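Next, two complexes with chain A in common: one pairs it with chain B, the other with chain C.
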Partner chain A sequence: MDLLPQVFSDALLLAGLYTLMAVGLSLGFGVLRIINFAQGEMIMLGAYGAFWGLTLLGVDPIISLPVLVVAGFALGWLIFRGFVAKVLDAPHINQILLTFGLALAIQHIAIILWSGNARSATTAYATESAFVGDVLVVYSRLIAFAIATIMVVALIAWLRWSETGRATRAVAENRAAAALMGIDVDRIYAMSFGVSCALSVATGVVVSFILTITPFMGFPMLIKSIAIVILGGLGSIAGTVIGAFVLAFSETFVSYYVPDGAGWAEGIAFLLIIGILILRPRGILGQTVET
Partner chain B sequence: MTPILELINIRVGYGQSVVLQDVSLNLREGEIVCLLGANGAGKTTTTRVVSGLLAPWAGEIRYAGENIATVPAHKRVELGICLSPEGRQVFPNFSVYENLLLGSFSKKARLRRTEMFDEVYGLFPRLAERRKQKAGLMSGGEQQMLAIGRALMGCPKLLMLDEPSLGLGPKIIIDVYEAVASIAKRGLSILFVEQNVQAALMIAHRGYVLANGHIAAEGTSAELRSSPLVQEAFLGKKPSRQDLSEVHRA
Partner chain C sequence: MNTRTFGLLLGAVVLIVILSIPVFGSPSAVDITFRTCSLIALAVSWNLMASAGLISLGHSAFFGLGGYVVILSANLLGMPFWISLIASLAAGALFGSGLALITGRLRGIYFAITTLAASEGLRVIAVMLPALTGGAKGAFLDAKYYPGTFTVNMGMSLAAAVTCLIAWRMSQSRIHYAFRAMRANEGAAQMLGIYPLKFRCAIMAVSGAVASLVGGIEAFHGGYLDPAIAFDLHITITSQIAPILGGIYTLSGPIIGAVATVFIGDATRLSLGHIEGVSLLVFGLILVFSILYLPQGIRGGLSDLWRRRSATAEPTKMAKP
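Here is the complex of A and B:
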């Protein structure tokens, strides 16, 4: 049997998910010029939110998604006002330490509240699958891909055509000039941070019925997001989409075609980070930024 | 009548260094006033203070009689203060059309968007031709037109232009100044910064000369044109012995 269609289908579905996972980080960096190391913890919180919604209330993750996304936005807004806003003009090392500290704090609060035990959100569709021709499609992955695509397309459309989205891009390009247009730069900052957290929470909801849920699940996903964003070029949404596809396709190809590939595939993100930083530090679509 | 803009004893700088020591100036409604001065005299700093990008250390900024020194920059746009900043600062990855849309971001300007588009495109037909072009790919002169057009999109009552002729060829300078003069005819108040003194004094009603963070001279354009201080500093004429002694006394 020819493996290639299966490999392509798997890689495509994964790429959609990776795009949603990394786009929050990309937006946050593009607008605020801060890498939010707590982005992975937002994914983890989203996954737990979906898990508890299903376990305690019997609400399907797809149904609880909108509520959790709004909660993620609110949490992001509060984190920005309470913490991140204080270090906006501080040296990068302060910003990194702050968001890294937030990540550790959130992770340990999760351990205290929910223990370190692994959990999974077992929905009706979690284990269902069907053959399309020769290709096996797992429903949960397909649903994740659909949700991710809808959210990323909505984000891009919002940035492109809405009044506030356009203002957000303007702030990312030149915040002083944006203020001269009558744009409230602080508000755009808080909102972008909120949206970027909301996107990560959505990622968490989507992976809740695919992956195992633990308080530690965020960090590996943060590393992959960073690889994707660096690969595509910091701050470029189109670059992030490309980066997500590159990572997803290389991981899938390695896991299918390299002996014992499933283990090796997890290391590709690191390889890509190192490779791109040496060969083309500004990423595929990135522009150089003066610091 | 209350002046539309009044700076009273403004003192401001960056970090430790003082740029404006003590600057007072005013602008009446419908007036075109130019700020002259050498590099580093504080002209751009003055426009930054009025637009709200820089908070004054001391002094008052009165706009239509109200002190707006603590009003943030984006709210001043809503009040009708628009700046075409130094170095143009257009959004390079945005199209001309999108740059102009951003210019009318404020709620008040959004309502008059169609009307303002017609006006700006009428004033600068070049911008209409290139509306889909990315701003970063346009020539310096076109970017300057865009920066002025973008400021106009905000429906200003007080328009500030920082060096609208900087880096432009002589022909485009004339275009830009013709545009400025026709904007002024609609009763807008204009405060502009200029190195090109000849051009500035041709269209301005009055002017202020900034030197070392002080107002060194002020007067109507005719007065300034004949002032020895201005002639010496900007027009390249060697002052006579008598002129020099006057300057020293001043």
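Here is the complex of A and C:
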């Protein structure tokens, strides 16, 4: 049997998920110029939200998604008002360490509340699959891909056509000029931080029926998101989509074709980060940045 | 008493204490001193890089590298304690300056992410090369190379002492003005005739060597290493919390912070240790609140108090920022 169609389908489905995972970070980084190290923990919280919704209330993750997304937005808004807003003009080091500390705190609150044990949200469709020709398609991954596509398209539409979306893009491009045009920069900041957290929570809900859920799941996903955002370029959603596809395809190809590939695939994100930062720090489609 | 004599006196006291405890102290005092000295050396090393404007999120890379160099050079080549440590020192310096060369023009957040990626990348390599590192199962140090408790503890105390002396020497020389200029604005520093790459290589070689040496001594101390221990994010976190808590960009800050961090860690473990994860939660909260409310750390807070009290006596004396 030829492996290639299977590899392509796996990579494609993964790329959709990666796009959703990284697009939140990309929005936050593009607008606020801060890498939010707590973004991975938002994914983790989303996954736990979906898990508890299913276990305690019997609500399918797909049904609880809208509620959790709204909650994620609110949480992001609060984190911005309570912490991040205070370091917007501080040196980079304060911004990095603050969000790093937040991530550490959130992760360990989760450990205290829900223990470090691995859990999984087993929905009816989590384990089902079907052959399309020679290609095995796992339903849960297909559903995840569909949700991711819908959310990313919705985000792009919002940024492109809504008044607030246009204002957000203006702030991302030039904060001072946007303020002079009468845009409430502070509100846009809080808004985009909230939206970026909401997107990460959505990612968590989606992966809840694909991966095992632990309090530690956020950090590796954060690193991958950073790799994707840097690869695609600062402030470019299209770049993020390309970055997600590059990472997903290279990971999938390595895990299929390299001996011990599944282990090495975990290292590709780091290789990409170092490689792109050395060769082209602005990424594939990014604006020129102060490196 | 002015700040300078106070600092010198404090330094001398710290030196005497950490060098005499391995000789005279009780086992628990020796253990606490070992851990404190380990953190002092890591914190000073992190602070050296930070004071040149280089934020390291990958100090565990150096730490783990040093550990593996020690295990390999002892187990495979049969090197004695001191020579293994020199090897880990050299490896850390090489890796640090190499990282400085390849990250040549990266600043701020981009530099920080590269160090994080380097550390996580090394972890993946350590997992994937079981022939060399024992893979995820880990590797034991051959017991016949263990040099005895006293040597290991004394080694760590010496490492901390020498690290502090190096940092003190640097703070006395004109080099530290170059670092301060680079931290404020690397472009402007370059205009003034400071060649950033040279200074970056130097500071990262020193910082990397120290952190790697600590990793090496810790490997002798523990006798076992696996990728999760060696490249634990925890190392990076504590080595940045200590300077932040004590007072970043200062000489005494990381030392004060390391003592405070070990104390807080032990206190939470003793009082709330039955709750899993609580000590790192406390560290996370410390990080957040010291950034927001105590940006100059304990040292800055103390010298503020000091200045307010002696404001009438010496109105022009200002603590260094």
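Here is the rule we use: the second predicted complex is superposed on the first by the 289 of 291 C-alpha atoms of A that agree within 3 Å, B and C clash if a C-alpha of one lies under 4 Å from a C-alpha of the other, contacts with A are read in each partner's own complex, and residues count from 1 in each chain.
Just so it is clear, a residue touches a chain if its C-beta (ideal position, glycine included) is under 8 Å from a C-beta of that chain, and two chains touch if they have at least 3 such contacts.
What you see is a predicted model, and the numbers here were worked out from it, not measured in a lab.
S.K.: Counting only touches as set out at the top, which of chain B and chain C does A:F100 meet: first, second, both, neither?
M.R.: So A:F100 only meets chain C here.
S.K.: Is chain A touched at more residues by chain B or by chain C?
M.R.: C
S.K.: For A:L56 in the superposed arrangement: first (chain B), second (chain C), both or neither?
M.R.: neither
S.K.: Tell me the contact category for A:H92 with respect to chain B and chain C: first, second, both or neither.
M.R.: Touch partner of A:H92: chain C, not chain B.
S.K.: Now for A:A124: first (chain B), second (chain C), both, or neither, which partner does it touch?
M.R.: Once the two structures are laid over each other on A, A:A124 reaches no partner at all.
S.K.: Determine, under the contact definition given at the top, whether A:A177 touches first (chain B), second (chain C), both, or neither.
M.R.: first
S.K.: Taking the complex as given, what residues does chain A use to touch chain B?
M.R.: Residue list for chain A touching chain B: 163, 166-167, 169-170, 173-174, 176-185.
S.K.: Name, in rising order, each residue of chain B that touches chain A in their complex.
M.R.: That would be residues 51-53, 72-75, 77-78, 82-83, 85, 89-94, 98, 101-103, 105-106, 109-110, 150-151, 154 of chain B.
S.K.: Name, in rising order, each residue of chain C that touches chain A in their complex.
M.R.: Spelled out, the residues of chain C in touch with chain A are 50, 55, 57, 102-103, 105-110, 112-114, 116-118, 120-121, 124-125, 127-128, 233, 237, 240, 244, 248, 275-278, 280-281, 283-288, 291-292, 295.
S.K.: Give every residue of chain A touching chain C within the complex, in rising order.
M.R.: Residues 35, 83, 86-87, 90, 92-98, 100-109, 111-112, 115-116, 215, 219, 223, 226-227, 230, 260, 263-264, 266-267, 269-271, 273-274, 277-278, 281, 290-291 of chain A touch chain C in their complex.
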